[in-house]
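The two complexes that follow have chain A in common; it is paired with chain B in the first and with chain C in the second.
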Partner chain A sequence: MKKEELTNLVKDVVRDNQDMSLSFVAITVLTDVIKRSTSKTMMELDTELKLAVQDLKSCVKEEIEGTDTYRGSSITLHSGCELFTRFVTRQFLEMKEFGAIKSKLTEKGQYISKLSALSREKVTELFEPFFRDNMCVMVVGNSRVATATLIRASRSGKRFSVIIPESRPDVEGYKSARHLRDAGIPVTLIVDSAVAYHMGKVDFVLSGAEAVVESGGIINKIGTYQIAVLAHVHKKSFYVAAESFKFVRQYPLNQNDISGDDHYEHINPPPYTFIDDGQIKDGHDVSDEQERRQLGGIKVSNPTSDFTPPRYITLLFTDLGILTPSAISDELIKLYS
Partner chain B sequence: MTKEERKALYSKQVDNKKTSGNTPHVPSTGQQPRKQSIKSDQAPTPSVAQTKNQEAKQQPSKHQDGKQQQPKLQNQKQLGQKNKVEPTESTKQNRLFSHLDKYVHPDNRINTAINDPKLHPIIVQLGLQYATGAIRGGNARTLALLIALKQVTSDYVQLDTEIMNRDFGNKIVPMIDYLKQFRPLSVGMGNALRHIKQKIFKLNPDLSANENKNKLVEDIDIFIKERITVAAEQIVNNGVARITNGDVIMTYARSEVIEKILTRAHCDGGKRFRVIIVDSRPKNEGRELLNRLLIAGVDCTYVYINAVSHVMKEVTKVMIGANSMLSNGSVYSRIGTAPVCMMANSYNVPVLVCCETYKFSEGTQLDSITRNELGDPHEMCTIERNHMKPVLMGHESNPNIHVLNLTYDVTDMQFVDMVITEVGSIPPTSVAVIVREYRQK
Partner chain C sequence: MLSDTVLRNTINIFITNLQRKQIKGAYHIGRACADIMRTIVSSMTKKDTVQQVIDQCRLVAVMLKQAQPTMFVIGNVVRRVLYIIRDEYAQSNSGTQQTVSADSLHQPNLANLLEAKAELDYTKPVEGDFKANILSEIKELISELDNMNEGISEVAIEHVHSNEVILTIGQSHTVEHFLKVAAEKKKKFEVVVTEHAPSYSGHELVKSLSEKGISATLISDAAAFAIMSRVNKVIVGTHSVMANGGLIAPSGTHLVALAAKKKSVPFVVCCGLYKLTPMYPLDQDSFNDLCNPSEVIPPELYNLKDAHVLNPCYDYVPPELIDLFIMNETGTHNPQYIYRVLAEYYDTRDYDLGVYQD
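Right after this comes the complex of A and B.
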């Protein structure tokens, strides 16, 4: 498939599935590549697929990343590609007849795509019994699966309140706050520096994940790590809701080990001037240009993601079940061996 | 034990010493019987023979009279048969470690096994190489064992009446028992042997002996390749990928695979990093590593374990090898590893353990006492090998000194961040999963 063709395909998939993760996009696109492929041998198909993965990654970097729909690191995309190519190679080894392989792969790809929608359902279902009335939950960032979990619990009649840090620099917290408010859940928005202040009254912390790594730790929106550490110090449970397609074969030991080029070069101005009587007023109107001039000569480090080590995570809710961090590696060994 | 009892015991020991000639202090408690086979091979001193023949666990001192009479009679009998003398340093033992096999100096292992028809000459040679330390290190020992077994296999002569899968299995048992006298089998060696024994058991009795022998040799070769050589190669690749520019890597003592990782990362990977080798007496194995890394041109710092807290501040990663990984996630490795890992943990420095999966054990161990190996106590009593100046003169005969030279220790899982294996990097909690996966295969 040509690159332009692929780019169009990616854009289509993204437009049609606004609420799905990049991993889903990757699998859908790669399945389509196989479906349309004219290759006659496994070798050809394999090369074609590898090329498609490369194109896909660069295309996402150019076109999708940084748009409203997809922020943060592209690690979910990598995990989706990795999972799919791994599956393809295994099919190559298992089956002999090329035609059969091709149809099997297409079938399986469509199945996986369907599965990712189902798995979110499964995660929210598993999480439901963990809510009790009068609970106070802190939510990290704007995770689709975490928001879905909260909304489901609320619909089932649990009365609880939610605290959301604004989650700078791209203030995703606002988005989830609006989302939850619309679902009728009492929401409090706080600044990131007030997390410790509020941690004492929180019952548990709920986070999503961009990726779940082999040690059972997670890679997620910047700020997750510090909230996890604070929860740990306050002896509060730190729960992660993540579908199993977010599992990646990576093993970071510290923050340097996750891709280091995912840095913004500047910090966006805050979208409000002050918080008064619980009201947020828009109005800060400084252009990036002005901001940068003001910060001239000062180095800015503004990473997009951080790594939370497994020792700060209490449980992970996945479509494979409720897992402790140490069970993640067991599942990954099963998935890839 | 009351004071009186202790006194009585001591005077009894003094008496014993007088009656048994010049032999020094006889330990009072906790000597375990040695394996029968040793007795016939070598010449025990009275005291050694005595301990060998004693009951597994001695009763408190009250009952000792009766107990000690009996073995003494046996001593005299044995003395009549054998008249070689063994040195006495190994007769004393720390009570906590009395269940471990005592160290016997290789020079005193002159044995009659050379003419034993049950033993293949290559096994006899291997035993001596293990004893003298000519072959040491987990991989080297296992490889030597497997290569020797290959030789034994090809030299095996099948009699018409016998079935190879049963007969050959029985034939190697005394050979392994013989090797165990010199050093206990490592976990890796145990796993390798278990694998080979399974293969022997599955040999097809309908095939000719030659075909079966070829099959077995091939199986051993496959094991060597898949689980040891290629595995090590894969670990080296995984390990090199873990080293980044600007790293300061700390390692302890000497591990073959760590050496390969560091040299490869420097020479082929072109990575800029520094190595701190932590070493300890009495073996000073780190010096060998230091030499090899210096030849490769790696920037090295060499410190003793006493200084580990001082240098830990600059370290970015600790990489160690392991004798084996236990299924509770603990690392069983050269003694001194545990303090290094614990120190790293308290400085928040990640600890990476490199270990092939054939060294993964199904067993668990919570401390370094239940299973361990005793080294030569003399090593600890001399300052430098070449001077051989004894610093604890006459410690053999002083009943109040117990010199304990342990070989291994156990590092708890909480101090380990990652285990690098040929199947990828896993957290120590997943060791049990790998063990299970391989058992299912």
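Right after this comes the complex of A and C.
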């Protein structure tokens, strides 16, 4: 498939699935690549797929720039591509006839398109018994699966309140706060620097994840790490809700490991914006030429994601079940053995 | 199957005994439960489908659990039996399907994430050796329960060294058995026993140990911290092991576990595999129960005004306070490994056995 064609495909998928994780966009696009492929042999299809993965990575960076839905590191995209190519290779090994493989892979498209919603449903279902009446939950960032979990629990009649840090610099917390308020859940918005202040009255912290790494740690929106450390100090549970297609075979040890590397390249880094009276104003963009001159000689660092080590995570809720951090590597080994 | 009046009577009597707490001890309850499961399976006829058998087992489990909600072994034994049934059925079907292992068929994992999972059809009646195979496996399960303490002692004995001081809480039959086996093997060690108020089961243990010539010291529960610096190892039993590697254990265990952590003394838990429970405790209140307050306060003080007397049965001990689990069948694990053992012995679909409906 030509790159332009792929780019259009990515745009279509992104437009139709606003609330889909980027790894899922990758899986959907790659299934489509196979469907449209004219390859006659496995070798050909394999090469085509590899090429598509490359194009996908570069075009996502160019095309998704500026859309509101996708921020964070590109690791999510990698996990989707890796999971899918692994799946295709396994089909190659299991079946002998090329025609049968191709039809099986395209057939799967239907199921796969539903999988994202199915996984999220499963995660929210597993989490439900963990809510008790009058609980206070802190939610990190704007995770689709975390908000879905809270909304489901609220609909099933659990009464609890939510504290949301605004989650700078792109103030994603406002988005989740609005979302949860609309679902009738009592929400309190706090500044990121007030997390420690509020931690004492919180019952547990719920976070999403951009990616779950082999050690059982997570890569997520900047600020997750510090909240996890604070929760640990206060002896509060730190729960992560993440679908299993976010599992990646990476082993970062510290924050340096997730910056600079191609795998962790930031897509769409948000500008620095300043908030006034609880309203998002256009604010000042530090990357702005004039502003930079004013700041003269001061370096500005603006990472989008950080790595939270497994020792700060109590449990991970995935569509594979409730897992302890140490169970993650087990799942990944099963996949790649 | 349940229409069988003899079976119904057995179940009803068992339920009454559970409700009145006339049958005591996890082992006895688990054992009785396994016997009931065996009767259910053996009363299955050629016309019954696997799903029916599974449903009947689950129904009985829910009925029994209702009688004593914190007695986790009931659910656990039933889950083990259900796993045997499912596994046996998957194996008898794998002849017709491909060479997919029974395990990967029903356990969700990352590798088959993108495949639409082919659910086994449980609605067919089964023929052949199916029933006989299940019954023989249940028999094995029962003998596993009967020989549990021997299995644990065999492994645990490696953890006792010369002239060590071992602290234990109250009387756990598993720990008692193991201490006696260790003494028989000419190991020299000293035991410190907390009396475990208000049941004072520690008194019984000290008595029984001294009869066997094992040197034992009885201390009050409050002295656990004071004596901890002299202790080399804490070895305790438990009410149940939860899915996160934590414990629901007799009250007072958390306190000793904290003292052990503070003094960096290894905290070892000895228990039968049937105490492994696939549920997650949230805090001290989840899965707890209140015992009779008359154990705490003498009846003549009952007419005290405005005084509450509480006697909670259990403590939740978080996994970070536990160093080692010693179980029969599976050997020794750390708390982080419990999830693996769970996946090996239970089916995820049976984690939740359902709720009782009248």
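Following the convention adopted for this analysis, the second predicted complex is superposed on the first by the 301 of 337 C-alpha atoms of A that agree within 3 Å, B and C clash if a C-alpha of one lies under 4 Å from a C-alpha of the other, contacts with A are read in each partner's own complex, and residues count from 1 in each chain.
In this text, a residue touches a chain if its C-beta (ideal position, glycine included) is under 8 Å from a C-beta of that chain, and two chains touch if they have at least 3 such contacts.
None of these values were measured; they are calculated from a predicted model.
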Output check: A:Glu214 vs chain B and chain C. Expected answer is one of first, second, both, neither. What do you get? first
After the superposition on A, what does A:Val191 contact: first (chain B), second (chain C), both or neither? neither
Using the touch definition from the top, say if A:Phe87 reaches chain B (first), chain C (second), both or neither. second
Touching partner for A:Ser326 - first (chain B), second (chain C), both, neither: both
According to the stated criteria, A:Val229 is in contact with first (chain B), second (chain C), both, or neither; which is it? neither
Taking the superposition as given, does A:Ile151 touch the first partner, chain B, the second, chain C, both, or neither? neither
On the A-aligned overlay, A:Leu335 touches which partner chain: chain B = first, chain C = second, or both, or neither? second
Touching A:Tyr251, do we find chain B (first), chain C (second), both, or neither? first
With both structures placed on chain A, which of the two partners, chain B or chain C, ends up touching more residues of chain A? C
Go through chain A and flag every residue that touches chain B in one model and chain C in the other. 326, 330
Which residues of chain A touch chain B once you look at their complex with the stated criterion? 214-216, 249, 251, 253-254, 256, 310, 326, 329-330, 333, 336-337
Inside the complex, what are the residues of chain C that reach chain A? 108-111, 113-116, 243-245, 280, 282, 336-340, 348
Okay, in this complex, where on chain A does chain C touch? 27, 83-84, 87, 90, 108, 111-112, 115, 129-130, 132, 237, 244-245, 247, 314-315, 319-324, 326-327, 330-332, 334-335
Please name which positions on chain B make contact with chain A in the complex. 244, 317, 350, 352, 417-418, 423-427, 429-430, 433-434, 437
